[in-house]
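In what follows, chain A forms one complex with chain B and a second complex with chain C.
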Partner chain A sequence: MEKHDRKPESNIFASVWRFLRRCLFLVLSLGPMPNHIAFIMDGNRRYAKRRNAEEGSGHGVGFTTLTSICQYCYEMGVKYVTVYAFSIDNFKRKPEEVQSLMDLMKEKIDELLEEESIVQKYGFRINFWGSLDLLSEPVRLVAEKAMTHTANNTGPVLSVCMAYTSTNEIMRAIKKSCARKSSRPQGYVNCDGESVCADINSYVTVADVEENLDTADCPDPDIVIRTSGETRLSNFLLWQTSLSHLQNPSPLWPEFSLRNLIWAILEYQKIYPYLEARRRLTKKEN
Partner chain B sequence: MLPSLHLNSTLNCTTLNYSSTLLPLRGSRRRTRRDVANESLVPAAHPARRYPSLSASLAPAREEEERKEGALLPPPLRPETLPRHVAVIMDGNSRWAKARGLPSSAGHEAGYRTLKKMVELSCQWGIRALTVFAFSSENWTRPKMEVEFLMTLFENVLKERLGEFLREGIRVCIIGDSSELSQSLQKLAKEVVDKTKNNTQIDLIVAISYSGRKEITQACQNIARKVKDGLLEPEDITESHIEEELETNCIPEFPNPDLLIRTSGELRLSNFLLWQSAYTELFFTNTYWPDFGEADCFYLLWRYLCVLHKSVIKFASGSPFFLNNSGPFHLNGHERYVPQIIFLLQMRVDASQDLMDHRFM
Partner chain C sequence: MRAEFRVAAPIRRTSLSACRSLLRTLFRNPSFVIIYSAIISDGFGWRYHLGLDPPSTEIPVPRDFEVDTGFLLVFAASDGQSHAYGLDKLNSLAVVVDSEEAKNTTKIKQLLCWLSSIGIKYIILYDMQGVLKQTIGIDLESLTNTSMTPCSVIDAKTASSLFHFGKMAIEIISLSDGKEGVAKAASFLYSEHMKDDSEICHRSEPDFTESDVANALKATGSAGDEPDLLLVYGPARCHLGFPAWRLRYTEIVHMGRLRSMNFAAILYVCQVIR
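Right after this comes the complex of A and B.
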């Protein structure tokens, strides 16, 4: 109640801005819209350094950017958003920095589970991908709590990659498929009901590896955006981004705004026909 | 300012914690035949030599002399700052031909000529490994005539150029699913790989009928076979087991590319070297592959140098230099650049700034 009484002008402004956004997204959706966008949130430390702020503050601003981007994606109808929060390589940073990042993540995940957060408002389902056992106990527990709490939500899916590298994910998928296959008996029954001996060449297939990846229930990303102009994937979704449109806008992650997001989608829409033809060819080949 | 370091004394393999894709520091592992060959090259290639400007290199006599030395590298590039392994997706042949009203076979032939030039350049400039994406497993769905033309082109190229590979010291590896290729091409590929396996000047990996996902799955099958035979437990599988089984392990020193170039403006990896390009710089250029020339290559290598320079600045000006009691340097993820970083740090900061400000044609 207090919030509404405090600034009625800002509420009018907010609703006008929301209305304008909705018109803008309607125009944008005349072209093909991506179903899944992945973000590599790079540039937080540089942002803090440029503004001569203290070291960890860039990440806090980065989190605010994340929530606003999630809100815009929801309003545009993008159903899957994936973000690269913390890589296994980032554990090699200074221990104090790693610890402050862990504390920040725990605080922000708790905030996301509160009543007025965007997660509850829009019904986001949260996934955490990565080797969660490498994280410290409190962060892991809060991540698992977030996953169970939002498991039944039907809104868009926000996947946060923590303690994640793609090579690690593929290795875990291979481990799982090998373990499963070795525990099964030599022969198996195929779909016609006949008993077949396991041929070594069909022992593990592309589908086996794919169903054991963390991203099994998610489609491949349509766009991968790495902010701050860096031109690497840094071990992010290597398997899944084979046909994704790779973009590297130069604004740093905390500076990434609606304007940059719209530009990214326009770029995607420009090459969409060619991309779609490639995808159909790939499906035909498989 | 740069911290004062006694780089030559304190850095060796045991204190640095970096991946095996880097050039090993002297004395850190058993010397192989390739090391001996490279060492005999190094004194000849790296005295205090003058790097000719692009205009001066037009003088034929000088060019001949310097070609003998292998030093036709335009400034500000230096051999130490070049990527060791470059991957190229040779895209745009068909579109180039279409723009000129030619059939796509003309585009592929023009693309082959560009590839020849690129291999020559890499040999001269000192790039140690070049991987090219010749034919994807998705390309089998292209029109039959085009596919047959490409297969014939591969056969002719391998037959004609075998002598040149042996003369120039090019070691050829062919990766990809060879079971889809014709018998004659398979046999020819095997023969070329066998005959050139002792060459040491440059490694050329040609990806024919290649798919990154299938490569990883094949590695997985090999590991599954080991598990089935009881040689390996599923819990003990690590990333290095998978890396050993990948086909790019034919270059064990640097299987992962430092730089990946894709021509014709497409911003995708298209199932090429998925595992290996985890930390690769991805550079995309709008030129079609047949038009890709020395100037484009030089520009991309210069951009790579700028990326290295940024890493050096991050590395030296932050405070990553601290040794805790457990030993390894914390290089904040820049481990793979160690030899280049050491080289750039040994130059003065103002000299490396000259590199950045250098204007080229």
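Right after this comes the complex of A and C.
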């Protein structure tokens, strides 16, 4: 999102690089392409520490990486990108760090809504998933503004998980399911005119929970990438990732580049037949 | 390597003690554990004669009996071995196996042997289609006389597929214990919520917390230990629907295909992750 005018030489280089990328993505698309990639953006603090930089600077570089990756995903035809920006567990960090992260999030969301941003350029629709009421009011308001502004966009979907954990999401889905069931009582009325509920185990079904998750409008991720080599999912999309290819490349998030993304997709293409067979089997059994 | 012992009936204590010494020797040496896969006599009879219960008089056992020895190693193996390998902090470990590969019960039992030999106290076996419940589960059920009937809300304290071998426990779960378990817990919470509200017409929105959901999962028999480490055996690194509530901070490691599993790799992963 550069605001100054580019030199003609850099425009030429940019065009050549864009052309080369297009050729590369064309070759890549000969194999099965993922529809939805989720990222756990791990390693921002370690990145800053390794470079002896200021503590919050890693997150700034991480945001630049995010915009680049979103652009590459758009060019490759990946329709859904989800990122784990801030976990509910992260509120346990030092208050100063949490506040600086909130300020950074507000600043970056505002940047995303600017004219020259990739969101406007490519028509991204932005979702914010999580318990947004836990966020500070300025961040919550700007997040809601971003969702409203981009609600009618028809381009790729960028979902940002903030104040999110999977168990919290499941709990909220159960609450919503129960609230909906309450408004339309299940069961039948017996001879005495009393309302008798049906079998206790079928009050709330798997489908009920799924339609009330934050991710209800989104297909399950095909790939989940956690950078910096960590092997945990850290309470991220646990319900939705049954048949997702879990990858944990070594580079830290700010170091994650196009090369790493292409490698991730090649790895996915290798095991795609297996995942597809499992998906068909699961659908058949359901 | 497979060693097959055939003992004439009735079993004499002298021949049993010779076999027992051989087993203990094999068991103490980790390299033997790697290659060891033996078939010996009826599990219940051996259990007595390995000194785990007071030895009785000669127990008549039919000729040409064969049962996997893996569970006997579980008995003898789990004392003190975790300390020897520096794995005291690794309390529970889960194994996710692709359902096609899970049909190879010999490999699964060998894996259980290895895990017990390094002192893992709690092992969770998982596959999507429930193949392990139908194979390993049935074997464990007959060995331990534990019922595998699914637990209801009423008798929720009875574990659905949890088997105890001395200090080790083996739990076998499948996809139905994951999302469906959460749906059952949700139904339980809903029924409790309906009981609390006095008027049907004015239902308030339920005020559940994550603790309530966790308690409901316990009440409906869908809760369990969160494994520290999850080993995935199959073509790809996927958790294949392992219960979400038990996977929050678990380290997930892809071990490759079950047919090419090896003890050194498991030990290495356990020691790195601990």
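The definition used in the following text is that the second predicted complex is superposed on the first by the 264 of 286 C-alpha atoms of A that agree within 3 Å, B and C clash if a C-alpha of one lies under 4 Å from a C-alpha of the other, contacts with A are read in each partner's own complex, and residues count from 1 in each chain.
Here is the rule we use: a residue touches a chain if its C-beta (ideal position, glycine included) is under 8 Å from a C-beta of that chain, and two chains touch if they have at least 3 such contacts.
Quick caveat: nothing in here was measured; it's all calculated off a predicted structure.
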Chain B and chain C placed together on chain A: clash or fit? clash
Report for A:258: first if it touches chain B alone, second if chain C alone, otherwise both or neither.
neither
Message: Taking the superposition on A as described, I'd like to know which of chain B and chain C A:132 touches: first, second, both or neither.
response: neither
* Asked: Which partner does A:178 contact after superposing on A: first (chain B), second (chain C), both, neither?
  -> both
Please indicate which partner A:235 is in contact with in the superposed arrangement: first for chain B, second for chain C, both, or neither. both
Query: In the superposed arrangement, does A:167 touch chain B (first), chain C (second), both or neither?
result: both
Just to be sure I read the superposition right, which of the two partners does A:118 touch: chain B = first, chain C = second, or both, or neither?
neither
So the chain A residues that chain B and chain C both touch are 165-168, 170-171, 174-175, 177-179, 181-182, 200-201, 203-206, 208-209, 231-235, 238-239, 241-247, 271, 275, 278, 281-282, 285
Contacts from chain A onto chain B in the complex sit at residues 89-90, 92-94, 165-168, 170-171, 174-175, 177-179, 181-182, 200-201, 203-206, 208-209, 231-235, 238-239, 241-247, 271, 275, 278, 281-282, 284-285
In their shared complex, chain A is touched by residues of chain B numbered 137-138, 140-141, 212-214, 216-217, 219-221, 223-225, 227-228, 234-235, 237-239, 242, 266-271, 274-275, 277-284, 307, 330-333
Given the complex, residues on chain A that touch chain C span 165-168, 170-171, 174-175, 177-179, 181-183, 185, 195, 197, 200-206, 208-209, 231-235, 238-239, 241-247, 271, 274-275, 278, 281-282, 285
In their shared complex, chain A is touched by residues of chain C numbered 128-129, 153, 175, 178-180, 182-191, 193-194, 197, 200, 203, 205-210, 212-213, 234-241, 244-245, 247-254, 273
